[in-house]
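Read through the structure below, which is laid out as structure tokens, and then see the notes.
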């Protein structure tokens, strides 16, 4: 794990000068327990539209659980989640997706039974005709829109640097490429809010840099991003705000410098670091 | 009236004991390997056929049962070794199909060895019915229920007291952790198949005098054992035993008071109702998927 | 896209050509009969493959739907004198509604539980067909009159061969269309990762139910037509073994391959006929095929063969 | 064997459907092609297994003796496993592919009835080995049968009941073919003969436990006797459960169990069971004056020499079927199907294992009640009830 105090971590000055957008996601007193063990406890925070907002914390701090709660994979034991002003607590993931929320996974969730391109095309699901009869009889309108979706998917794959994998079977792709494939798939659904769960995990430095660029570009196009990442260099470099968790509770929140200099955060990391 | 009810309860208890043994067999294998072994019924068949044909050719009954038991265990280990183990990381669907294939294959082999017709095994201690409050019970029923009870208790002790049993329990709780503390998980899987096969074979031998033995005897017994296991919550041994008795008694009552023709449907109606309303069985734990 | 489309239609054309020239090599009606039976099985398997191969859900009770279709035609068209086409539709609608009603809660279940539930439904259906002998003729089954539509009576192997051949081409075409559509991708996504499908907006439950209903309806329609063709239907056509046989065909031919399902159905319909001489070994061979396929070529016959021919990878 | 499998497999893979070329080439004299559909396995296997053996044994013996009119007998046997739909598809195969001249078989009523429409349409003579009266009543042009009917069995049983002064009968019948027809006949005959039916239960051919139905019979105070109408293994299960429940009423079975196999399966429980059966099973006990004496004694000897098992009436049904067919071939002067059919219908005074057969356009079975004997199981063997 990178130490927080690496000197070259200069805060992104452009980020600090930004205007803070309206809240897009509000988490209020959220909690979740598994068999009596509290994974998330009374957690509240707000994400502003347009931000790259990182969630950090040592292993077991509850980051992935938080993602699962926000995206509807788990149901909260208490508290609520507001997305775009509406209470979406415990709402099924596909409904949240329709409202403009998508995510990637720490443990890859690739459709290995398809090609890379088809993986991304599944991401276009919400924008296509998915009814049975047009599919069975291959209505021309469906074929036309499908062709557009394909072009769009190729474009997205190119954007995230996967141009050479367009016709590859997902099962044959290297790990780093699959990480990007998940991002491309999530982007294909045109989310307002994108949750990235450790997009750089397992990647080498060059690959991490490239992911870094991808995330910045996505954010620049107006997509709000919540990022969970252990690569502190990346987190400090691209985040507008950071929330630090420990033992399922909020430890600190603020700009990268504020969090980086927070003594509790440092203690938690040092205490937990091997 | 009461005599009739008692009569149905007694037959239900007898057949329920066999379902319980089969259900327990399903649970043991499921715990060790997360495989539903559709060939469980064939272990019962091997036990029943071997003891019936061996005794007919002059082998003393206890020895015949022992041989049947050993044969079934060997077959169980072979199935585990050559079919299940090779497909270790396969999907649930694949594993289900493999064990179904094994069950058909075993039936085919059994037909080749023993033929398709019914085989008779004499009751262990005569056929003079015992009269209880107007109902009659065959002495063999006592053997069935007694043997099942002894086996179930023995299995319980095995898991609680012996090192192998504890290793098997540990594997079911956390496979990886078990591996880390030095348990040979592969051998645990083999042992679970052998154990389940032995349970099934003894069940088949004791029930044979009541039902006859024939190569297809294991199909329904196996499927009902599966319903017993699901009813009790997959992987829950005591649950499977209770499930087996419930299925057996419900079936006998249904046959008596509703319709004997629908007897075989009763178990499946119960299981559908349970799956729809309590998907983890009567005693199953809730699981959460990790992503 | 073009190449894909091209590949799609070539497969269909090849299949159509085989169907067209096959009768020239069949010496008599008995062989036509087997070809027709293979065709019926293939229709059911193409539907079942959508469920098992593409959506990754298992059904051990599909013969039940086939049986309901067959008996709906037998009873409604026979006993009650409905026009056969209406009886067929009524059977399909009934199966559709039944499949929908059970699929909603059942498809929530995963793996083993789903296997158990579908198995239970299949067994219950076959027991009902066996028991309600006043309506169904009981274990002996019932006779069914030939199919009549617009005053034309379909009778005999020569007629049915073309009917079944044409229908099979149609069913395969529908299946290929479906797979290559947004809904088809959604189905495959459900197989690949349910949670990942959900977070990009796929209502996985809806698609699982839909494909379950669709495959059940395919089976029902095939069952109805089979009843008219065979003239005799028995509850054996709906029982557990028939369900297993259907699953075996899909798995052997190749999961997630429409043509694989067809090949699996054809091979496994022929095999028992070729094995009648060796009837004693039939079960061993079938069981052995099932295990060996899963252990040594888990993708099934056709995809495994296709992988050996790199040029035609996307068959 | 292996080679044949390989060539079969090769043929299948090469042309998809071709399995021809396996049947032997025609010899100088065109063989008489006899097809048979037998339930050699399944719940009716103790009927079908001896039937199959007998057909093969006699076809072989006849061929060794020079055939019929110099023509060898070519026998094709398929096992339907007791399933009606399989019987239908094998019938189709015999007619269309094997192009047989005459079909013997249909071990069970269900299998026979499934084959009937096919042989009627294809106009192939068909001699069934199954019991139910529905096979020959109403008369079907191309369909004949060798065993006594279920109606005769019901009559015989009630005749015996009357002798014993019993008038109230509980019936348990199998829910398919023979049992279903037997049940209808029993109801009809009971009405005619003033026997009151006090219980009417059914069981399935593959059931292994009928205690629920028997418990109801047991608790029915009115019943004086019980009749089981079924064939094969089912009635053995009923008999066993009957004793297990400690029921002591007289138990009757039909001729669907007239095989030692039944006694072996039911064991001690079969003691005292009565049933109507052809003279074959009690050959040694028949008086010398009985016209069948020579035929059944010879047949029993041949059968028991060839196979280690004891003869059953079912073996006899198959023997009769084959002999009637071949006798008709002789009289018809060949295997022209229409002539062959007519010749079978004109069978007169043929003494077989089931009795003396005299057919007519109105009677495609040709047996009378005389040759039907009431027998009782005593010490594990059949005993003629005098």
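Lettered A, B, C and D in written order, each chain numbered from 1.
The rule is simple: a contact is a pair of C-beta atoms (placed from the backbone, for glycine too) under 8 Å apart; a residue touches a chain by one contact, two chains touch by 3 or more.
Predicted model only: the values in this text are computed from it and were never measured.
S.K.: Count the smallest number of chain-to-chain hops linking subunit A with subunit D, moving only between touching chains.
M.R.: Contact-graph shortest path, subunit A to subunit D, evaluates to 2.
S.K.: Looking only at C-beta pairs in contact, point me to the busier pair out of B-C and B-D.
M.R.: Looking at B-C and B-D side by side, B-C shows more C-beta contacts.
S.K.: Can you figure out the chain closest to the middle, judged by Cα centres?
M.R.: The chain sitting closest to the overall C-alpha centre is C.
S.K.: Most remote chain relative to subunit A, going by C-alpha centroids?
M.R.: D
S.K.: List the centre-to-centre spacing of subunit B and subunit C in whole Å, with centres computed as mean CA coordinates.
M.R.: 32
S.K.: Subunit C to subunit D: how many Å between their CA centres?
M.R.: Computed from C-alpha means, the inter-chain centre distance equals 37 Å.
S.K.: Distance from the CA centroid of subunit A to that of subunit B, rounded to the nearest Å?
M.R.: 48
S.K.: Please set out, as single numbers or ranges, the residues of subunit C touching at least two other chains.
M.R.: Correct list: 130-131, 195.
S.K.: Going through subunit B residue by residue, note those that touch at least 2 other chains and give them in order.
M.R.: 111, 261, 291 - these are the residues of subunit B that touch more than one other chain.
S.K.: Among the residues of subunit A, which are close enough to touch at least two other chains?
M.R.: Each of 73, 105, 109 in subunit A touches at least two other chains.
S.K.: In their complex, what parts of subunit C are in touch with subunit D?
M.R.: Those in contact with subunit D are residues 18, 22, 25-31, 33-35, 130-131, 133, 138-141, 143, 230-234, 236-237, 266, 270-271, 273-274, 276-279.
S.K.: What residues of subunit A sit close enough to touch subunit C in their complex?
M.R.: Touch residues, subunit A against subunit C: 71-73, 92-94, 96-98, 101-103, 105, 109-114, 118, 121-126, 128-132, 134-138, 142, 146-147, 149-150, 182, 185-186, 188-189.
S.K.: Can you list the residues on subunit B that touch subunit C in the complex?
M.R.: So the residues of subunit B in touch with subunit C come to 30, 36, 82-83, 86-87, 90-94, 96-98, 100-109, 111-112, 219, 223, 226-227, 230, 234, 259, 261-262, 264-265, 268-269, 271-272, 275-276, 279, 289, 291.
S.K.: Per the contact definition, I'd like the list of subunit B residues that touch subunit D in the complex.
M.R.: The contact residues of subunit B facing subunit D are 3-4, 7-8, 11, 15, 111, 116-118, 120, 122, 127, 129, 131, 136, 138, 210-212, 214, 216-217, 252, 255-256, 260-261, 263.
S.K.: Any idea which subunit C residues touch subunit B in the complex?
M.R.: 52, 56, 58, 60, 105-106, 108-113, 115-117, 119-121, 123-124, 127-128, 130-131, 195, 240, 244, 247-248, 251, 280-295, 298
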